[in-house]
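For reference, the structures are reproduced in the following blocks.
Note that chain A is present in both complexes that follow, paired respectively with chain B and with chain C.
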Partner chain A sequence: MAEGTIATAGGIAARHEETGLWGFTKPQAVAFLLMLAFVLVSPFFLYPVFLMKVLCFALFACAFNLLIGYVGLLSFGHAAYFGMGAYITGYAAKAWGVPPELAILMGGATGALLGIPFGWLAIRRAGIYFAMITLALAQMVYFFALQAPFTGGEDGIQAIPRGTLFGVFDLTADLTMYWLVAAIFLAGFLLIHRIVHSPFGQVMKAIRDNEPRATSLGYRTDDYKLMAFVLSATLAGIAGGTKALVFNIATLTDVHWAMSGEVVLMSLVGGLGTIFGPVVGAAVIITMQNYLAEFGAWVLVIQGVIFIACVLAFRRGILGEIAHALRVKL
Partner chain B sequence: MEDLLFELQLALPQVILGVINGSFYALLSLGLAVIFGMLNVINFAHGAQFMMGAFVAWLLLSYLGIGYWPALILSPLIVGFVGVLMERLMISRLYKLDHLYGLLLTFGCALVIEGLFRNTFGSSGQRYTTPPEFRALDLELADFFLPGYRVWVLIAASAVCLGTWLVIEKTKIGSYLRAATERPQLVQAFGINVPLMMTLTYAAGVALAAFAGVLAAPIYSVHPAMGANFIITVFAVVVIGGMGSIMGAVVTGFLLGFVQGITDVFYPEASQTVVFVIMAIVLLTRPAGLFGRA
Partner chain C sequence: MASEDPQGTILETEGLTKEFRGFVAVSDVALKVRRGTIHGLIGPNGAGKTTCFNLLTKFLPPTRGTIRYDGRDITNMKPAEVARLGLVRSFQISAVFPHLTVLENVRVALQRARGGSFDFWRSETALKGFEPRAMELLEDVGLTAYARHTAGELPYGRKRALEIATTLALEPRMMLLDEPTAGMTHEDVGRIMALVQRVAKGRTVLLVEHNLTVVSGLCDMITVLTRGRVLAEGTYAEVSRNEEVKAAYLGTDPALQAEAPHG
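On to the complex of A and B.
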């Protein structure tokens, strides 16, 4: 492993992985229980809409981190899957009256359908080129969204109905919606955890650490990279679709390159290559945006400064630093 | 046949405008290629530095009354100095790490710069009046009018691109630069100050972006987001050309402007996306880029 490789900045402190429940190490199990407790208790203390936003972005960041943290591919265009997922979910729910569970799945399918050709193109190059290609492809999606009639151009799709889950639960109540979002987030989180710890995930990590060696062991590394890419794009689409239902809106902001930058920032702040890092990063950045919303463009400056600080001094991120200090894996 | 001729006649102005747009692509991708060749850093702040170049020209004119011609020299020098500070204080700390950190760092810098300008000057555009002396260059062919300033942009951009190429390929300092790109340690062992060269190379690349910014100021309105919109297209240009050669960056830049101009005539809806489509095709056929080395 090359020194300072971006994907492993999260720090693999613990060499011996003792896996207990569901493949979690002990510290991870503790962290997971803490997170679970927070997800279950917090809506009774904090504003549910804010929490839903955090959870949507946490899932988005986890999906992004699956690619950078475990395959070593930095995608700078994840807004494309998130934003188009939001558009399709929103359009299906509003124009076709599709029930919410199906609409969100359609958002995920959109992410997958975009991810297949984009991933197929982008994995032809690695490193910096991969980042630039994903960014350029996402910009193409942005221009498409700007011009296509169904996205509503500058206005976006507004007044998207949340609908009734399985025809039983009315989602217009924030708390009901919260439990749906929490369930989607936890399912996505556990899915990513299982992927990372599956034999498939082991090959992903082998590719991250030394691709030529993985190839020489007989793995078709391109197939693995593409699969990881599509999984990541699918989960990003689901996160976008869920977000569209929560806020009843899907706009150009969701497909803009700044959104791609934000998800990179969240993962970086929380800790690249740590399973809980993106969740913490999303919480931190969304909270910050919430408090600084009134300061307008200063948010941009502060985000930039955090980016710079993270890259120069704080490459492990919050959870990476904690894991490093405690010599555990998180 | 006559229809086609007529179409072509209609197309000419758009194509010329496309090539002029292409001269900005060429200047910006040239700067990116120079920086990447030496520092192995993709300078995400390039768009922000382009914007700074335009803004400095505008500030010089509105607050100090310094006109276009001095600004064409002063603005790249000022922004280039900012580049020196950025390289010395931040980017130079990352050379031993994964190249992606350079991308992330310069992305952060781009956000800071854009945010600061937006706070100070607002999001709306400022007008930079075209200097009147360019009217002499106005071209009028049949019913097609080409403003003189655009002719000048084409000339100036081509001259600067050619000049940069000559410096890198034909001068002694250029030969140091090429040598240091290939084998930095060996060149350092010969007693050449490679870190200083890296700083100056970064500054030169940034100055190129600022120069493009000054050129752009009278054409586009000067506003904080003007660079961000541009730079992503330039990234696609860079992927298409490959980072291998200086000439490749320039040629690809002009070529894509030309293609964009043609697309604007025949299928205007795609004029903004055509560069990305070409990028996809190039990736399928020549993943290393048209001029790149695999």
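On to the complex of A and C.
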């Protein structure tokens, strides 16, 4: 799906650059340090809850990008893993009093457990059919969330307690919660980068580039695609669970198909197949939603215009275009 | 070059048939490829060469018939399984991984030797051990200078060379090459022919080809297909004297007549 219709920036660099620590190229290492500095300094200048929202969505977008950017699979149902992750984390924290670290892991496990059967079904088809199957399955999850008693229907699960991390750190303080979210985001980001630059990632990228050829080399490509799908769903579940704790709420918005669309938009605006693109995309979209909120429904119109502008003029996305201009990988 | 050992059949089909909604693309083909030979599969456009090829490599399931490779029935195997048995194919369009580097293209094939590569937590440096062998293979096909370039940038002829290096990385016992010289310039054709000849040592090669010069220069044995059926089999000299073969080529594709010597 990725090839042909949407330019991925994965292979724009003319020469393969030597990679250093954690598989970062030099430009990537610089970008990572900039991002790290921003994550560490920003809560002292900007509203931490806003930043936490950005980081949760950045992780969600990175998880989504793992599939579209590096395996070439366009999932249009990632809200299912994000949303159900939020519900299970929220329910566990509220109803069972599960500590936050465990509740978030349960959110990730939810993503994985949904991702296994959904991925298994969806990878049987490619391109637009794959997208449609993931969307249909996510809609089933939406109706499940609407009907099931534990999700609270239209009300969602409210007043989810943030709890106490490891029984030591009280997360009700926004700044303390921020450091947890920042740690989860950074760990997730580094894990995704490692996945992309692992022996598994090599096969993943080979499948993205030319699946019949990967098969002819003896790779059972379905197994690799499923693995990537489950990893992506797991990280989406973790992002959703974290978000539920930050806002003390898990609602139908999190499982709605519009959420699946939003993560596509974030990745596209930032740059598909770039490791930092989804982070930038999430920051841009969330910032817009926050600061343009006073325009009400116009936010959607503005988002639509940006989306069209991206597809028409910046097909590689913000980071993709920058990387292309500098002839580096980001 | 061909061994006369009757036990030396590596690939054998019986009654191989493929129908697409009533259209018979390949009909009752009995093919025998002897070990260690370069075997050509030729025929005019639409003769079923590529379909036949896709059946042999299991990219298409046959409607009827059996395929035996190295004494084993592979009729119901999956394409990845067949590849693991050492029967490796190429593609008509150049099949490289365009966003990977040239070195990575070969390395990802060598990586098969590890078995499954599901270790997503491990660094890529785990694959460093494959790089010397990858460089050797690239040297074999004259691509050393391009090792760190992305494969998508290579000119067409070099992509085909990379594809052969990638195929060789699997140490295949039998290679199936689908029109390895399609769309190439004259110099490139010569280079690829020499390469195929060189890599065929100690292996079996089945070659689908349109270009009769290539076939006459390379193949020990030739099977001619028309309309999904085997029309003739033999050495180039034998099949090129065959009246039916001449008629098939003359009747359907006059362009090829000019190319066929002693036609």
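List of remarks:
Definition applied: the second predicted complex is superposed on the first by the 320 of 330 C-alpha atoms of A that agree within 3 Å, B and C clash if a C-alpha of one lies under 4 Å from a C-alpha of the other, contacts with A are read in each partner's own complex, and residues count from 1 in each chain.
Note that in this section contacts are C-beta pairs under 8 Å (C-beta built on N, C-alpha and C of every residue); 3 or more make two chains touch, one makes a residue touch a chain.
The structure presented is a predicted model; accordingly, all values stated were derived computationally and were not measured.
Partners chain B and chain C fit side by side in the overlay (superposition on chain A). Superposition on the shared chain A places chain B and chain C such that, viewed from the Cα centre of chain A, they span 80 degrees in steps of 10. In the overlay built on the shared chain, the residue A:F200 is in contact with chain C alone; chain B does not reach it. When the two complexes are overlaid on their common chain A, residue A:A95 makes contact with neither chain B nor chain C.
In the superposition on chain A, A:G23 makes contact with chain C only, not with chain B. By the touch criterion defined above, A:N210 lies against chain C but remains apart from chain B after alignment on the C-alpha atoms of chain A.
In the superposed model, A:L34 makes contact with neither chain B nor chain C.
With both structures placed on the common chain, the touch criterion links A:A183 to neither chain B nor chain C.
After overlaying the two complexes on the shared chain, residue contacts for A:L175 are found with neither chain B nor chain C.
In the overlay built on the shared chain, the residue A:G127 is in contact with chain B alone; chain C does not reach it.
Applying the stated contact rule after C-alpha superposition, one finds that A:Q147 touches chain B and leaves chain C untouched.
Here chain B and chain C sit at a least CA-CA distance of 10 Å once the structures share a frame through chain A.
Of the residues of chain A, not a single one touches chain B in one of the two structures and chain C in the other.
For chain C in complex with chain A, the touching residues are 57, 59, 78-80, 83-84, 88-91, 95-101, 103-104, 107-109, 111-112, 114, 116-124, 126-127, 148-150, 152-153, 166, 170. Partner chain C is touched in their complex by these residues of chain A: 8, 10-11, 13-16, 19, 22-23, 191, 194-195, 197-203, 205-206, 208-210, 212-221, 223-224, 227, 231. Within the complex formed with chain A, the residues of chain B that make contact are 42, 90, 93-94, 96-101, 103-105, 107-116, 118-119, 123, 228, 232-233, 235-236, 238-239, 269, 272-273, 275-277, 279-280, 283-284, 287.
Those residues of chain A whose C-beta lies close enough to touch chain B in the complex are 2-6, 74, 76, 121, 124-125, 127-129, 131-133, 135-137, 139-140, 143-144, 147, 257, 261, 264, 268, 296-308, 310-312, 315.
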